[in-house]
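For reference, the structure I am asking about is given below.
We call the chains A, B, C, D, E, F, G and H, going by the order they appear; numbering starts again at 1 in every chain.
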Amino acid sequence: MGKIVYEKSKGLTDTPLHYCPGCLHGVVHKLIAECLVELDILDKTIGVAPVGCAVFSYRYFNCDMHEAAHGRAPAVATGIKRALPDSVVFTYQGDGDLASIGTGDIVHVAHRGEKITTIFINNAIYGMTGGQMAPTTLPGQKTTTSPYGRDPAHCGMPYRVSEMLATIPSAAYITRVSVYDIPHIVRAKAAIKKAFQMQIEGKGFSLVEVLSTCPTNWGLTPIESISWLKENMEPYYPLGVYKDVSASEGGN
Amino acid sequence: MGKIVYEKSKGLTDTPLHYCPGCLHGVVHKLIAECLVELDILDKTIGVAPVGCAVFSYRYFNCDMHEAAHGRAPAVATGIKRALPDSVVFTYQGDGDLASIGTGDIVHVAHRGEKITTIFINNAIYGMTGGQMAPTTLPGQKTTTSPYGRDPAHCGMPYRVSEMLATIPSAAYITRVSVYDIPHIVRAKAAIKKAFQMQIEGKGFSLVEVLSTCPTNWGLTPIESISWLKENMEPYYPLGVYKDVSASEGGN
Amino acid sequence: MPKGKVTFATESCKGCELCTTVCPVKIVIMDFTRMNTKGYNIATVKDMDKCNACGSCAKICPDSVITVERID
Amino acid sequence: MPKGKVTFATESCKGCELCTTVCPVKIVIMDFTRMNTKGYNIATVKDMDKCNACGSCAKICPDSVITVERID
Amino acid sequence: MHEEIIISGFGGQGVMLLGKFLSEAAMEENKQVSWLPSYGPEMRGGTANCHVIISDEPIASPVIVESTMLVAMNRPSLEKFQKTIKKGGALFINSSIIDIDTDRSDVIVYKIPVNDIASKIGSQKIINMVMCGAMIQAKKLVSIDTMINVFKENLTGSKEKFIDLNIAALKEGMKYFSENYKS
Amino acid sequence: MHEEIIISGFGGQGVMLLGKFLSEAAMEENKQVSWLPSYGPEMRGGTANCHVIISDEPIASPVIVESTMLVAMNRPSLEKFQKTIKKGGALFINSSIIDIDTDRSDVIVYKIPVNDIASKIGSQKIINMVMCGAMIQAKKLVSIDTMINVFKENLTGSKEKFIDLNIAALKEGMKYFSENYKS
Amino acid sequence: MGKKILMKGNEAVAEAAIRANCRFFFGYPITPQNEIPEYMSRELPKRGGVYLQAEAEFAAINMIYGAAGSGARVMTSSSSPGISLMAEGISYIIGAQLPCVLVNMVRGGPGLGNIAPAQSDYNQAVKGTTHGDVHLIVLAPSSIQEAVDLMYDAFDLADLYRNPVLVLGDGMIGQMMEPVEFKEATNKKLPPKTWAATGTRNSPDGKRRIINSLFMEPEDLESLNLALQKKYKEVVEKEVRYELYKMDSKLDVIFTAYGTTSRIVKYVIKKLEEEGIHAGLIRPITLWPFPQQIIGEYASNSSAKAFVSVEMSSGQMVEDVRLSVNGKKPVYFYGRTGGIVPEPKEIISYVKSIL
Amino acid sequence: MGKKILMKGNEAVAEAAIRANCRFFFGYPITPQNEIPEYMSRELPKRGGVYLQAEAEFAAINMIYGAAGSGARVMTSSSSPGISLMAEGISYIIGAQLPCVLVNMVRGGPGLGNIAPAQSDYNQAVKGTTHGDVHLIVLAPSSIQEAVDLMYDAFDLADLYRNPVLVLGDGMIGQMMEPVEFKEATNKKLPPKTWAATGTRNSPDGKRRIINSLFMEPEDLESLNLALQKKYKEVVEKEVRYELYKMDSKLDVIFTAYGTTSRIVKYVIKKLEEEGIHAGLIRPITLWPFPQQIIGEYASNSSAKAFVSVEMSSGQMVEDVRLSVNGKKPVYFYGRTGGIVPEPKEIISYVKSIL
């Protein structure tokens, strides 16, 4: 037997994931779990699952978990962090959950500078409910509620959550990443780890937006989905760091 | 009898305003009314009153009015504008209404590029309910729910609504003004007029943020309030145009 | 210089004093000897002759108390 | 070059093919002749000798199907 | 004893505090008491009022429908509330600023020029306590000692310096009443 | 007639559509029908099923508790639903991919290798209609003409080209059944 | 009546709404009713209407407020948690006396619960929907055909009484397919919407309109409440709807059940008949106004030994049955929860246990 | 018991909560209960607690969810429209079986209504608060002293049953001042919160905790519902509270009234006595569980000719009175709405009209 260089993270339970084949939700789960283990905070972490495809994520993250109402994960996380200030608290939310019904919640968790971390999965659609339009759905993109393609004249251009939240003074770290190949996975993991570190250091609210896929509702194979993400989402949602209060302090 | 150079606008009803002495809500009311008259759109305008000190503004604006639930004026305005696309629709909202409970609503009315105009009264406090802290309350500012002064370590730094909304692609015109002296009143009126014009031209969502006073809950005289506004609010909330899609088209 | 005349709908005045801060010729003052039925001291003009009908006092009055005429 | 060995927890594989896109030596492939009990075709490695234990296939697998060992 | 007292005036005239101090004093004298304010945007218009009930019996509703006493600190208060006074009830008018008369002929009217009295003491802030003095002199609602006690309990720290002013106001109110009316 | 049919398989095997087409055909033959899908994240795992009831009488509940027919297009479906079949009911097994036997001895089993038959026709997309052919041949649920009509009504525009393929599948299913079983 | 079409409940409801001249839909996705917004997003733009996805249910209901106040025929649909988020907005709509139609395809609760069919929102629909003294008119279809037919009525009733009408279905009504036929719009003569705020240039009397639920003076707010109660009294007098099934004279037991469960009860009644037990069903079609009177009459005059309310809940409508029976007969309850549809045999054995 | 203090209802309620060891308050301002958050913002930081202003009521209730799930004693307070906005969150809290205390200082409705005292949220509090089959335990104080005393019980009941407890006051209870005495915390022995999610390092059994209301399998969701119903049955058996006032044997009429109206009814009873009419009052202190049994007993055994429910509503609790009386006596209703507190003389003349 050789030395194991990669195996399933101890930060995940044994329960098989329910996500569709090739859905990048699974990849992001792994990265979070690995960071929690590497930072040695799994036993003091409390996660908050959203309503969306990740609704069952409480089955997978190997730590205490809350299942929140749709969009309300930041409020739930606030309640937890205020009651247990020594714990590490994160929310995991989709674009329907965070950028639509939960817009007020995410803005205000940033506004109050809550010391929590949000992982935001932007897949430009409502996965769970069968592929309806999200506020992040691209112009022209067909969904079950934009059957003729999203028409900006009718319902506007998608807005960019990271750019918007970066304007909020008490947000400490806001970045957008993706996980569709190894270099991006490596960078995404570093971002997630940094987000948790900023929480631990009490710097304020941190959020990592992850561009993700929904092969099922995009009607593409997982591999095609990745191409679509690269060609369509990435140009509209540029990867990068939108806010980093540690940078100005001479951090990385 | 000489020529009347200034009198109460026909855009206002005869009902006396209920605002406290020297409250700038009254000044902003006048400017809106004057613009509606000057643009000759009073008879096709439908206004939406908020919950806040301006809750009774439906008594004053001399046009059709809706009284909306707290924070929901943009949603109500959306319903109106979609049902009556030829009408001119505006909301009038305070910082509790718009920047706290109604955050999701205002972000999404901008996101969808609703062709409505919002007048946003930022007085750094909840006037109506007796002076509680708002998301716009300044650091150190004492209110009935921040009795020891707002502590950013506890509930963050105030966030800046105009700057935040300016990041939203389908927002057409976002500006911050004040009305504490004649030059500012003149500029504020021009901004309000422009906001309505952009609506009429179908450019998208327009919002005018007005820095305002609350002598009663600030515990200052009206004149002291204006000094406080200039010295404390203006530096934190810089006046200016934050977004103007007509500018890039060569407009003014 | 144009000449002006201002009139106050005194019953609507709330005594906020804002009008007194913007008059270029400083003629708008408070009358602390009088109160309207709502209990407010009211604003008034001391030296109407100096009024130039600029409208400033009226423009800032939150309660549309003031009407300004030009009488030249 | 280090040498590696990868093993697949085939019952968890969903046949998404993502692992096949990242192998630097292109040895991860789909086995379209086999299906697990969930009805998915499964991923496999055709020429294990070439594996350099880089872990890429495992890192991208959303379902943590793959374990990578270094055997040098 | 059973008194149902409406106290009304402009904001700033201290009518709420007058009601509160009276209620506290009555409570200290082991009476049943209730105090109910007008609240919210009702007060935005610049008027304020409170309902105070002092009784030997448990108090049913703190809302006063028929008052045994009305304190009208300004004209709108008189106009609005005079109809609530019970036949034979007492009406305290701030005669310093109310220039009209009541249209009730079946109530006992006490005109107390509280602003004028307060001017003499040197502060317009204590017109409410001048009125209070008149009221307790008229109706023996509470003893002056209890009232002074209430001042001491409430005016602490930086406000301690106002105790004497309030006592003075109270006493002047009592004095004015004794000199002009019979209790 | 009163048939309560559960049709189950992987997503992509067309079980929902099979149920829908059957129901429509029965409706056109003036039967009472209901079709109830599994829905939501139940389907995320990759399995799907529907309940179809065809009856001469009004249908009480569209939820099938005891089925008269089960169509199992894959192994998990067989394992999950075989217990629901009524004694004497029919069990249609996709024998192309199901390698186990039922543990029910009191039902009538029809093994139809739908993937193999479909391969011969040249498309895996119509395994559902192969099964449909077998079912209607076995149970005379609806006539083949009505079924063809349903194809025509549903497959319009760009899908029109699939009508013949579906008819072929249906017929092959019927044929396989007749050759191997008695209805 | 047109041709029979096999259609999903959700889609049929949406199509019926459009045929009933509803042209505005504001909503937010939630299982098990997503086919309603999806259908609307496909059809409304083609048929001169507007589909707009709100960012949340509390926004959707306030868009309804705006559009209804502008005189539009407008609806939304959701399922249990989404309806809870509309509570405040519904109260405003009732206070401002605006007409609109709401659909709740109820799912298992409480909380996020699940997406299986349930009837556990009866109390929310019929009693305490929101703050203030209010009622929704609540229609409960038991088949897709009935759901379709009731949609037309829902819009008419809403306009007639200037009150929201709630169509209370469940996951099963929403998800199943059954044959339906569509009638054309009723074109019922309804009072013109002269109260709507459409800009003073459109005002019939030149006066401005205010859409509002705020009345600071208690007397004014009481006037609103008296007006609402007067309206509600009229609704109770005129709009009660129910079905009597096998309610002949020789009854042993009377069932009450609505919607999905009523279908199962009908089957149970046939089965009981085979065993010589005579049972009938009073099926409320309007849950509010509740068919209190007819139940009361049967309580007084029938030979039945008892009433049994069957629900997919822990016992909610049964309280209204008890109020109607008013002590004249025992009232029993049988229910399942969590998205479980009760099976005939359970009900049969329960009934036998109490007879 | 300490010294008597003259205190506003809202402030007294806040102080009582702190003495009952509540250390977390999440809320949003609304008249007529603003003094509760204001008091909390002043006192909690000094007493080792946290006051946090939420951006909205729907956020506040979910902060409660998070804090309660973390094992904290936590509360919020609001008034009618704000409570409506909490509906969804309340259902999740009940589904996840979390303890917390909610206060509703009811104001006139519907919609924005006004800020005067009302009892028009009874149905919302007691029946249809939210979706799913749920109950709040509802306590209704009629004086500030009682409000204070009930706050201690509210926290204990919440912890004991792992269910939210609602203290239902009204604008008058919130705004008036009355003398109060505070007792110290009950320190009642309560089950340890081993179910709370506080990080696995704190887990007594080393296992992780999940705070959740989602149960996809109908069987699992039904299990939750059965557990809730079992709990509710226990509450109904053990926790009913009421006051009997002048309920001696020779009664002509029995009043039912809670909270503010009950005080007026007591006065009415004295007045009626003077006129030779013997009246008594059954005052529910728990609105849920409702004192159904005692009312039923009086309905069967007393000489009273009728029951009269007096409310500041259009008739809400009266339905529960009817259910309790179950046809044994006529049940009448007298109410005022819109923030109007009924006057004794109206009630007296109403009673005379029906006797």
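Heads up, the rule we're going with is that contacts are C-beta pairs under 8 Å (C-beta built on N, C-alpha and C of every residue); 3 or more make two chains touch, one makes a residue touch a chain.
Here the structure is a predicted model, which is why all the values come from computation and not from measurement.
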{"item": "A-H or F-G, whichever has more C-beta pairs in contact", "value": "A-H"}
{"item": "Repeated interface matching A-G, over half of the contact pairs identical, chosen among A-H, B-G or B-H", "value": "B-H"}
{"item": "Approximate Å spacing (C-alpha centroids) for the pair chain A, chain E", "value": "62"}
{"item": "Centroid spacing, where centroids are CA-atom means, of chain E and chain F in whole angstrom", "value": "87"}
{"item": "Separation of chain D from chain G, taking each centre as the mean of its C-alpha atoms, in whole Å", "value": "54"}
{"item": "Shared-contact residues (touching 2 or more other chains) in chain G", "value": "31, 52, 55-56, 58, 81, 88, 92, 96, 111-112, 115, 212-214, 216"}
{"item": "Overlap residues in chain F, where contacts from two or more other chains coincide", "value": "40-42, 45-46"}
{"item": "Sequence positions of chain B contacting 2 or more other chains", "value": "19-21, 55-56, 67, 69, 100-101, 103-104, 107-108, 111-112, 128-130, 135, 155"}
{"item": "Footprint of chain G on chain F - complex, ascending", "value": "20, 23-24, 27, 33-37, 39-42, 58-63, 65"}
{"item": "Of all residues in chain A, those that touch chain G in their complex", "value": "51, 55, 67, 69-71, 96, 100-101, 103, 126, 128-130, 132-133, 135, 144-148, 154-155"}
{"item": "Footprint of chain B on chain H - complex, ascending", "value": "28-31, 34, 37-38, 41-42, 45, 51-53, 55-57, 81, 111-112"}
{"item": "Chain G-touching residues of chain B, taken from the complex the two chains share", "value": "42-46, 48, 55-56, 58, 62-69, 72, 75-84, 87, 104-105, 107-108, 111-112"}
{"item": "Contacting residues of chain H [partner chain G, same complex]", "value": "58, 80-81, 83-85, 87-88, 91-96, 106, 108-116, 120-121, 123-134, 212-226, 228-229, 313-314, 316, 319, 322-323, 326-328, 336-340"}
